[in-house]
Each structure stands twice: as C-alpha cells, then as structure tokens.
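Two complexes follow with subunit A in common, the first pairing it with subunit B and the second with subunit C.
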Partner chain A sequence: MKHNRTAQILWAGRELLTHPGATLLIALAMGLLTTMIATGLLLSQALTATTNRLLSQGPDLVVRRVTHDGGQLLSVKMAATAMAIPGIIEARPRIWGSVRTPQGVVTVVAADQKALRRLHAPASIRAPLPGQALVGHGVTVPETDSRLMLQGATMITVRVAQRFPLEADLVTHDLVMLHPADARRLLGLAPEDACDLALTVFHADEAEALRPELARAFPWPVHITTRQDTRKHYATAFGRRGGLSSMLYFPAVIALLLLVAGVVRQQIGNRARIGLFKALGWTSRDIVALQVTKALLVGLPAIAGGLMIAYGLVYAPAQQWIGTLLLGWQKTAPLMHLDTGYAAPIFLEVTGIVLIPYLVAVLWPSLVQAASDPQDLLNRGD
Partner chain B sequence: MPTGKRSPANDHPTADPLPDQSLDRLVPAGWLVGAALAVVAASLLTLTVDALQGISPRRKDAAPYMRAIGLNELALVPAGRQARRPDPLPTPVDWRYLPTLPKQDPGVIPLLDKEQLTPPQAAIP
Partner chain C sequence: MPTELACRHLTYAYPAHAKSSAGTPLLRDIEAVFPGGQIVLVSGRSGAGKSTLLHLLAGLLRPSSGEIVADGQPVSRWLTAHRDRWRRRVGVVFQQDRLVSDLTVLENVMLPLVPRSGGLRHWRTSGLAMLARLDAYDLAPQSVDALSGGQRQRVAAARALVDTPDYVVADEPTAHQDLDNARRLGHLLRQTADRGAVVVVAAHDRHVDEWLNVDQRLMLDNGYLQPAP
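Here is the complex of A and B:
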C-alpha cells in the first residue's frame, strides 16, 4: 500500500492519541531523564570554561615565603627582586585574607590604585579611601547605616561606599576591598609587609619555566603557584562535586532501562493491531515506518524539551541554585554568569544516550512483527 | 439494532451523509505533530543562540575585575573554606574565623587513623 508521507505522520499522531496517558508518561519520563543527564554535563562544562577564562585574567604566578611552620610574610621590596628576572613584567605585593563579619566570613583585599585605574569596565569603580570599603553583593550591612564591622587581628569598622557590579559577582560576591592602610591594620601587617607576590609574565606559557629562577632569586624558600596549579585546584574541586552528582546517573540509567522495557512491552502488546494492518494490505516497510514515526513524535520533542529545561537551569540569568545546592552557599549565593557556546556537543551526546536505546526498543519488535504472518499476529494478539 | 429486513422507507435515494470527521481524530493528531515540531524547533533555536553567544565577545563580564583585584581565586565557594583557596599552604594571616577552630583542617583520613579504631589490647601483667 502506498502512503503519502504527511498522511503517515498524521496517522502516527492519531495512533499515539489512542493511548494519550501512556504517550504522555513516556514523553515525561524521557524529558526528565534528559534534563537530569544534560544538566550535569552542561554545568560541568560551563563551570570549567568560565573558571579557566576568569583565571586567565589573574596573576600568572604567585610567590609565597615558606618556613617549616608554613607561610610567612614577605617585604614589599621583594617585588623589585622578582622584577629583576627577565620575563616578569609586573610584580604586585598582595595584602589579603579572610576575616569575620557578624554575617559570616569574607575575603578582604587591599585596593591596588594603579590596577583600579587601569580597569576598563562599564561601571565606574573608585578605590576606597581610608575608612571606606568597596564590597560585593554578598556582603550584607544593616539597613540603618552602611557600616561594616570586620574582625581580623584587630576589629575595625568601615563604611560601605560602593558595591561591585552584579556581573562581577563570580569574583567579588563576598569580597571586601579596603584601603591598604585599613587592610594592614585589620590583618595585623606591618607597613612594609605583604602576604605574597602576584607576578605577571610576558609570555604566559613560560611561567612554568620561571619557577627555578624565582626559587633561586629569593633569600629564603618560596612556594610558587602557577595559573595551571590554580586551574587544577578548581578542576579537582568540581570533580569531587561532579562525582557526587554522578550518583544521580545510577537512577537515571535504571530509569532508562525501565523505559526501554516498558516500550518493548507496549510494542509487543500491539501485535493484534499490527496483524490487522497487515491483513488490510500494509507492507512491512509501512509498519516499521509507522512505528519509527510514532517513536520520533514522542522522543524528539521530549528530549528537546528536556535539553531546553537543562539549558535554562544552567544558563538562566541570575540563577543561584548552583551555589546554594552544590557549592555550599547558605544565605546568599553568587549570580552565575556562566560561559555559553558549548551546548552543541552536549546536546548531541545526550540525545544519542537517550534516543538510541529508545529507538532500538521500538525498532526491534517492529521488525519482528513486520516479518510475521498477519494471521499469527492476530491470533497471538487475541 | 439492524434486523436484516428491507424497509420501504429506505428505498428512495438520498445523499450520503458526510463522515463524522471528529471520529478519525486526524485534526488533534495534526495539533500533536505541530506541537512536537514546535518544541524541536525551539530547541534548535536555543542551540543556535548559544552558538552565536559563544562566538561573540561578552560585553558585561567579571574578567576586568579579576585583573584589577589581582587575586587568583573565585567566589565560587564561600570565603574561609579550604576549597576556596588554590594554595594549600597555611598563610601568614590566620585564616580561622574563630580562634577555637583547629589550625588546619584535620580531614577525614587522619581522624579515622586515630587509635580509637584500633582494637583494645589485653593488659600485660
């Protein structure tokens, strides 16, 4: 029997509507399964890409003085020692640390006037004056006054003069930038002291090669962290959390197996109907085409919908669930402005993972039934 | 109920009534196919927008602030936690936000290695 293609698709839709409940359940199951798998993969990809891109703007090398007790302060004059090494174009003595506020722990950093002046950003940022603070959106202050109490080596109170813009939240969410004099007082540092040196090299690829020279240049042992080390640290941290989230894949695989078993059973249950079609003159090709069309009409939109939900969960502007659920934030969480542009391979991968077993589950019984005798199908179906 | 008997009332020719189109359910089937195509098209559109965003540079971004602040850590994990710091060494600044906390995170394995889990030995006379 020769069928028009459009008519065949409409007929497949009609067949699906004979069991709307079962059709809807299969679509929902496939959609949820797709969302579960795709969300984890998209999130891992987006976090890695965003972290790598942002870290590429940070220092190439960080040098710290170490003793048998751990880290030690170093003199700001050591920046000149680092600058004497060929290939190093900038050395910034850093003053920073973690201190306590009544609302929680924050990272404090001393403002670098030169770096802030070079800042090319849409929002105008002014370096804080003594007694002032520039804070991220996760740092809360009382509504009555904008005073922030910081408890470090000593306790100081500063006035929040400005906030970092929301688009910088991934870097500045719980950051407090202070005037260098305030930061030193808070962290208990002498005027010539710094926590470490942040170095920029002319060729970023040569940073690793500068390690031995740097180690020789300083009069005491140093610990040197490259950008690659920092990337590894974050990759390990994401890997641990990703390992936990991969526990979700076990129920997902079981769900996929149950779905496949359900579809096979449904196909076998349609024997009498297929026998009837064959008796009415449908060819084996028509029957297989009908079953595949039915499967695609359910599977493709379900998977597409699941992928879009996953995409929305990961990339929706101002979403905070990642920080709250996965990264340990409680009262506030940074707005995740994650890098896009990596969805295509993951969309294809997840579509393959879910659609191929489903199509196999539909196709195999259909081929067996298409090759069977119609009378036999009618008898066994009854 | 059909009896099989001929009725004179049925002898005169009448036009065949139009088949009830609601029974073939092709119209709802058309809606179903249309909805399925729309969802797939929306997904493809999402993918296209994503690819275009990946190509074009980001206008509002945290990268300039990262350079201006000069730290090599991100606010992905709350401050004061070990996972926040890429450098595993203790710093000259005391990171503990409570003086009662231990100086370093003992971790799980050293705790498990303590003597509490070793079986009690018999007293030697």
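Here is the complex of A and C:
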C-alpha cells in the first residue's frame, strides 16, 4: 500500500487544529514580521525603480547659467552653442519657475505637445492650450470652477484642463504645466529668455564626459546637472526621510528572535508527544516530516499573506503613508512602479529571512528529540 | 526464523540523572526467551521492574548491558534509525495509557497507521474495526478526556493492536477493566499470539487466569526473572 501524502498533510493540519490559538498566533506573528521586512525592502526597490523610470524620460544633461547670486536666465540662442559640441544631439531651452497660488507654492513649466510626447506621456494627456493648465495631484484647485490663480511676475488665472497621471506623481506632484506663452507672461520672461537648456546626448554614458566641454563652450559660468546627479539628489532626499522606514527592521529582528525562541520552547515542550509517537512506531524521519509539514502549513500562507499586505502597502494606489513619510504630502501619494525583476527576488529573500529561522526552530528540537529513546522523552516530558 | 524476542544477559540500571536509585541495577543479568505464538505473563510486586522490562523489550529503552534480540537480531544495539523502523512491528500498551488528550478516540487509535501506508479511509476503517472488537466503537468520536479509566485502557489496547504487530507488550492492560472487557481483551491477545506474534503481558492481577489464557509465567523478583512457581 502506498504512502498517501495528501492524507498525511491532512493529518498535519488536524494536529495544528488541536491548538488553534497557538497556531493562529504563530501565523499572525509570521505574517506581521513578513509585512514589516518586505515593506521596507519593497519601498526601497519601488522608489529606485519609479525614480529611474521617470528620470529616464528626462534630459541627459541640464545646463544653467549661474552667477554669485544664483541662477540667471540665458538666451534661447545658446541652444545652438550646445548643439555645436559633438555628442549632443538635441538642446531645448526650458521655461520654468516657482510661483505662488492661494494654497501654496507650485512649480510652473512650459510645454507644448511635442515636449509631452518626448516625455512618453499617455496619449490621453494633451498639452495645455493658452489659458489652460495641466497640474499634478498635489495642486489644490477650487472644486467650484476648476480655476487656478497663479502669482508670479504677473498674476494669471488658468483653467485646470487635466491632471498628470498618478504614476508620474513622484515628479509631477506640485507641478503646473502651462502653454509657453502663458508661462512666459507669468514668469515675466522675454521671448528670447530661457531658464536652462535640456540636452540629449548620443550616448547616455558619455554625459559625464561632456561636462568640461560644455563648461568651456559658454561665455559665463554654468551649472551642469547629469541624470545621475538628479538620481542621487532623489536618492538622498528619499533616504533622509525613508531612513525612518528602516527602523521597522529593529522591531522585526526582535520579533523574529522572540518567534524563534517561542517556537523552540513549544517544540521542547512537545517531547512527551514525540516520545509517544516514536513508541507507536513513528520513525525520526516521520516525525521530522510531520513537523516540516506543520511548519509549512502555518508558515507559507502566513508569509504569502504578509507579502500581499506589504505589496498593497507599497503599490496600491490609495496608500497615503508613503507620500506622508517621504515627501510630507498630506493628500495624495505616488503610484509606485513595480519592477518584477527586482520584486521577485525580494519576495524570495523575505520568505527565506522569515521561513528559514522558523523551520530551524521547528526542526532543531525535533531532530534532537527524534534521536532520543522514546521512554526517555516520555519520562522527561511528564 | 519464527518470531521471537529474547533477553541476553540483560541488565538495566537507571541513569545517574534519573532517579535516587540510580546506579543500582533494577534488572540483573536476565536470560529469557519470549517465543512467537505464546502469551508470556510477567508478574512481580510493584516496583519490581516489570514496566522497565517491557519498555526494554519494546525498544523504548536501551539496556545498561546485555541485549534484546528480536528474530536473531540484536535490536537494542542498533542505531536509532534502524530501531525506529523495527519498532513499527511492536504494539505497546502503557500502564498509564498515554492517550493524546487533544485527539479523539479514533484519532488516537489511528496514530500508529498515519506514517505508514494507506490513507484516511484505511486508517479510519482499521481503527473502527479494532475499537469494535474491544466494544469501544461508540467511543470513536469522543474526546479521550471524557472516558473512564477502563475505556481509556481499551482505547490504548486498540491503538497497540491496530496495525497487527509482531510483538505486543502490554503493561497492566486490564487494571481498570470489568471481567467482560478483560476477557474481550484477553481473547484478542490470544488471537494475536495465535497468528504467531510474541505477546508479553505484565500484571500482578491475581485473577489474571479468569481473562487470559497464559502459555508461560515468569516472575520478576529482586531484579531477576525466573519461572513463576
């Protein structure tokens, strides 16, 4: 007659149900532990993936004119100067600045349909026409008429035609995109003025090497920012606030140690039962198989549940806490980009971090006990 | 080779950490053969070492010196893994029944079958059949905590016999039984022996002849095992 694995798994389940409270407690502890560890790791991965994805749509290099007072305007004709440098294939003068709204300060940029397409914006997103604005989810607009008052060099009022997609909220949260003519009027810029130059290079890897040539090409001092610099800037900004989330690891490690200690204690308390099972003809292998099956029946669903919660906490659209923690946002939160190539190893890593100590805590006492004489276990368990 | 259990110069003393009497041999240089097909009764006063002898015979303990030989093999000297496998052929009735309180009666009886073969249906059928032979069929779904002492002993006996073992050691299996149930168990042990199994029963019940048809009687006294007068 063959071994019936299904029946033995059912038996392991039945054994777990003899102590439902303890089983539930261990499952909850493992699930919570998984959530704590996985949330920190997934958040870190999600921020990196989301930032990289968004920045990859931006310029390779940005050149700003600077003086001892700070940034200065430059002429749109300087785009030709940049284009004269080998390796640079596009130079776009940009118009942007900070202005006030009744609800607070926002960043204004000018863009036309061509610029939007360059950013791989969804087809449903249209560049603002004169008098219109495309705004981020952090820009508050009166519900009554959707009109936004902007105070820069002059005051203008525009109608909010659309909002940026939530997926781009990490970089568009407080952004107001205007028609170039409206932006110039708001910021008080002449037709030949630009705030900086956004450059595209032939080989992205060469951006860093072009810095010295760019610096020499302009008749005044410039500040040059590469995509890598921007990436570092975001990483530092997130890291400073996101460091708080790493504090999750400390209680998680304590919880893991307590869980392991509790399970070892529980297993040692089971020696009379194991002694009896051995006396009834269970081999050491049978006992270890039972304990592993029981551990997996508790551990795998608990860890899967913990991972799902962590996934929801990081990637679900309605999550508020990430925006509050990382950026101080009060209402909306960024929609994170899931890179399965990175998330899958994290899922495996967290499963290992939680499951392996748990399995060891279950197996180690079982292996020691399984090597003992049954009567010895029965006597010590009494 | 016919089924047989034997003690060869078997001596047992409690380990140093176990009892105040540690070091003093409880069993001394025992030489005995327990042949298949026979019921051997081991008697002796309380504390004489009957339970210890049965535990040694069942492979639950290792002797201090000497050996237990089963079918010509020195099983007491075997490595744990081999002894574990051999123990599958042994059915044990403990003096303190040792039922698992958080399982039902039927689940307790099914316990020896779980790691072996078959499935839930086979385990259940075998368990119920054995309970029926001991007039305990109706107890199957009950918690063992709800049973009387006699009922618990019958369940423990059913658990020991459910997998048709080649060696049965039963320690005071009828201490709390009425005569009818004791006879029922005695009859079952007789059938077990008749199919060739070794059956060793420890009892100091003076009325044992009323329920058990014994083939050989041994007496444990002062650590020595000898034929009963």
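Structural remarks
One rule holds for everything that comes next: the second predicted complex is superposed on the first by the 321 of 382 C-alpha atoms of A that agree within 3 Å, B and C clash if a C-alpha of one lies under 4 Å from a C-alpha of the other, contacts with A are read in each partner's own complex, and residues count from 1 in each chain.
Going forward, a residue touches a chain if its C-beta (ideal position, glycine included) is under 8 Å from a C-beta of that chain, and two chains touch if they have at least 3 such contacts.
Since the model is a prediction, treat every value here as computed from it, not as a measurement.
Of the two partner chains placed by the overlay, only subunit C lies in contact with A:Leu276; subunit B stays clear of it.
In the overlay built on the shared chain, the residue A:Gly97 is in contact with subunit B alone; subunit C does not reach it. In the superposed model, A:Ala304 makes contact with subunit B only, not with subunit C. Residue contacts after overlaying the shared chain place A:Thr230 against subunit B, while subunit C stays out of touching range.
In the overlay built on the shared chain, the residue A:Ser124 is in contact with neither subunit B nor subunit C.
Set against each other, subunit B and subunit C differ in how many residues of subunit A they touch, and the higher count belongs to B.
In the superposition on chain A, A:Asp174 contacts subunit B only, with no contact to subunit C. Of the two partner chains placed by the overlay, only subunit B lies in contact with A:Tyr342; subunit C stays clear of it. Judged by the touch definition given at the top, the superposed model places A:Thr51 against subunit B, while subunit C stays out of reach.
Within the superposed three-chain model, A:Leu10 lies in touch with subunit B and with subunit C [touch as defined at top]. The residues of subunit A shared by its contacts with subunit B and with subunit C are 10-11, 14, 18. Note for the complex: subunit A touches subunit C at residues 1-4, 6-8, 10-11, 14, 18-19, 273, 276-286, 289-290, 370-371, 373-376, 378-379. The touching residues of subunit A, when paired with subunit B in their complex, are 9-14, 16-18, 47, 51, 53-55, 57-59, 62, 64, 66, 69-73, 92, 94, 96-100, 104-107, 109, 112, 115-116, 118-122, 125, 136, 138, 151-153, 164-165, 167-175, 177, 187-189, 195-196, 198, 223, 225, 227, 229-230, 233-234, 237, 297-298, 300-301, 304-305, 307-308, 311, 315, 323, 327-330, 334, 337, 339-344, 347. Of all the residues in subunit B, the ones that touch subunit A in their complex are 24-26, 28-30, 32-33, 35-36, 39-40, 42-44, 46-47, 50-51, 53-55, 58-81, 83-84, 86-87, 89-95, 97-98.
Interface of subunit C with subunit A (complex): residues 18, 55, 58-62, 80-81, 84-85, 87-90, 92, 94, 98, 100, 102-103, 107, 111-112, 114-120, 122-123, 159, 163.
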